[in-house]
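Each of the next two complexes has chain A plus one other chain: chain B in the first, chain C in the second.
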Partner chain A sequence: MGNVRLLLQWFLGLAMVVIILGAFLWARPAASFVGQSSRIVFFHVPQAWVAFLAFLVAAIHSGLYLKHRRIENDEAAAGAARLGIVFCVLATVTGSIFAKVMWNSYWNWDPRETSIVLLLLVYGAYLGLRGAIEEPERKATLSAAYALAAFVTVPFLMFAVPRLYSSLHPDTVINARGKVEMSTDIRVVFFSSTAAFTALFFWLFSLDRKVSRIVREASLRHEQELAA
Partner chain B sequence: MSAVSPVSRPGLFTSSLAVLQKDLRSEWRTRIAVSALLLFAFAVLILVGYAVGPANISKEDRPVVHSVLLWIVIFFSAMTGLSRVFVHEEESGTAAALRLSAPSAAVYLGKLLANLALLTLVLVFVVPLFLALMSFSVACWPLFLLILLLGSVGLAAASTFTAAIVSKAAAKGAMFPVLAIPLLLPPLVAAVAGTRIAATESEISAGLDILQLLLAYDGVVTTATFLLFDAVFRE
Partner chain C sequence: MTDLAPAANVPAYGALFYVAAVNIIIWAGIFLYLVYLDRKVRDASRHLSSEGKP
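And now, the complex of A and B:
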């Protein structure tokens, strides 16, 4: 088992190197973009995708916690949120740099910029709430309930508002015409990068869960030693 | 056993109304939430009216600026008073008694109605004053009133749920807006856009998309928070 993990980690590291080389050397810049700016799609979009995926994982574990009341699910939700906020910041910053190159302004409240800021606010509020409650079970229940409530409101800004207002943002991968419009080289690099970022997230996530388990077991042992 | 007469439990509707009645009565005795909300709203209205007023901005900018300011006044007034429904129960130690005497569904509906009543009072006070102070003219009254109604239902539902959470956390006063803003950003953005349309377009059909969005939000958030409330309240 350990060998397979190690092999997968090496494979992921190698894949990331190949993807970075492919993104800058092999894929040609897309025609309708300023200069080389279209290359950011290989990093920005997977980061934004992982930011949402992490929130989905946090919401699923929050729901599982409320159902089974297992503290592991709470730790998993918190871990996913901690990773999610990192990817969310990365997606915001890379998007902002792209906006400067493409539209000559770091920030112009495009609907998609607004929605990523909302996700950032949700992550911040969720982690802030966790910081404001001492007792572990109460922290787990209240933050799980909040994560689920936020989970149903986020889609309103994510999907509804960008459709109400016109957006400068390039079409999302699944666009209104329902098909992927990319040349083959861009498509290959883009989808492998998305897969690699997803794998990176789950690897970091499994490390986080391992750390949480060790911390929990250590504090339990500490309590037992104090009691003895 | 048979000597004990069966206690008939009141239905959900009856017990919700009982919770609402209790809240309104205790609010009437102190009037703390009402006076906090109204004084805050009044202070902000004066500030906004004095600094921005009707004359300081050009005619074409007015619908945008005024609709944003109106919702800022409503939103921040709500943030000063709507957390009291649960924070007060925890602070005065009556939350346990409430848990024993009513099912959590009834508590949630009762508190939601109490907050809606409070918010309606704020709207009745703020909106006419705002219209007068800013000489804000509404082109489509049905749309304007529907946006206010749907916006405040969403505001009340999300705030009531958030209030239940913060009443059990540390730094309640600071946490309430922090937790409420992410939940309330979508309806506020929509309500501001809808109010601007109501100020410029005379046909209600111009704001149909916004009304649909607000209605969907209200339905989804009220249902989700209603279902999640039990876990929060019994914690």
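And now, the complex of A and C:
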């Protein structure tokens, strides 16, 4: 099992190198974009996708916590939300660089930019809530309820708002006509990058869960030693 | 008189190659750190569970 895991890790490492080479040296720049700016799409969109996935995982584990009351689910929800915020910040920064090239301004309060700020605030408040409550069970219950409510806003802010209002933002991956309109080279690099970022997220997530378990067991042992 | 003309005519893909190389170096650093962290966490996890066994 350990060897398979190591093999998968090295495969991801090499795949990402190939994807970076493909993104900059193989795929052609998209026609409707300024200069080479379309290449950022290979990193920006997968990061936004992973942020969505992470918030979904956080919501699932929050629901599981409320059902089974297992502290592992609470830790997993917190870890996923933390990673979601990291990827959301990365998507915001890369999007902002793209905006500077395309529209000559880092920030335009475009519906897509506004909705990502709201999303960061919603999940920033989640971490704030967790930090504000001392008692573990109360913290886990309130956080789980908040994470479930917070996730209701995610599809609305990430998918509905940019489609409801006119935006500077380029077409979504699945456009208004319900089609993925990309040339083969762009499509290959884009979906490989999305798969690699998804794998990276699950690797980071599993690391976070293991670290949480170690911290929990170590603090439990410390408490037992103090009580003895 | 200072010559302000570029010393060499760098082809457009030169800049892209540079950006790709920088990205690969950053990714390689992150990747190696993740592999290191993964091993460290796995060892600690194994150590902790073997300690807990009677």
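FYI, the second predicted complex is superposed on the first by the 222 of 228 C-alpha atoms of A that agree within 3 Å, B and C clash if a C-alpha of one lies under 4 Å from a C-alpha of the other, contacts with A are read in each partner's own complex, and residues count from 1 in each chain.
FYI, a residue touches a chain if its C-beta (ideal position, glycine included) is under 8 Å from a C-beta of that chain, and two chains touch if they have at least 3 such contacts.
All values derive from a computational prediction rather than experimental measurement.
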{"item": "Touched partner set for A:36, first chain B, second chain C, both or neither", "value": "second"}
{"item": "First, second, both or neither for A:114, with chain B first and chain C second", "value": "first"}
{"item": "Which of chain B and chain C A:9 touches, first, second, both or neither", "value": "second"}
{"item": "Contacts of A:133 with chain B and chain C, given as first, second, both or neither", "value": "first"}
{"item": "Partner chain in contact with A:145 - chain B first, chain C second, else both or neither", "value": "first"}
{"item": "Touched partner set for A:157, first chain B, second chain C, both or neither", "value": "first"}
{"item": "Touching partner for A:24 - first (chain B), second (chain C), both, neither", "value": "second"}
{"item": "Contacts of A:71 with chain B and chain C, given as first, second, both or neither", "value": "neither"}
{"item": "Partner touching more residues of chain A, whether chain B or chain C", "value": "B"}
{"item": "Residues on chain A engaged by chain C in the complex (per definition of touch)", "value": "2, 9, 12-13, 16-17, 20-21, 23-25, 36, 39, 203-204, 207, 210-211, 213-214, 217-218"}
{"item": "Residues on chain A engaged by chain B in the complex (per definition of touch)", "value": "66, 114, 118, 121-122, 124-125, 128-129, 132-134, 137-138, 141-142, 144-146, 148-150, 152-153, 156-157, 160-161, 164-165"}
{"item": "In the complex with chain A, residue positions of chain B that touch it", "value": "158, 161-162, 165, 168-171, 175, 178-179, 181-183, 185-187, 189-190, 193, 209-210, 213, 216-217, 220-221, 224-225, 228-229, 231-232, 235"}
{"item": "Residues of chain C touching chain A in the complex", "value": "13, 16-17, 19-20, 23-24, 27-28, 31, 34-35, 37-38, 41-42, 44-45, 48, 52"}
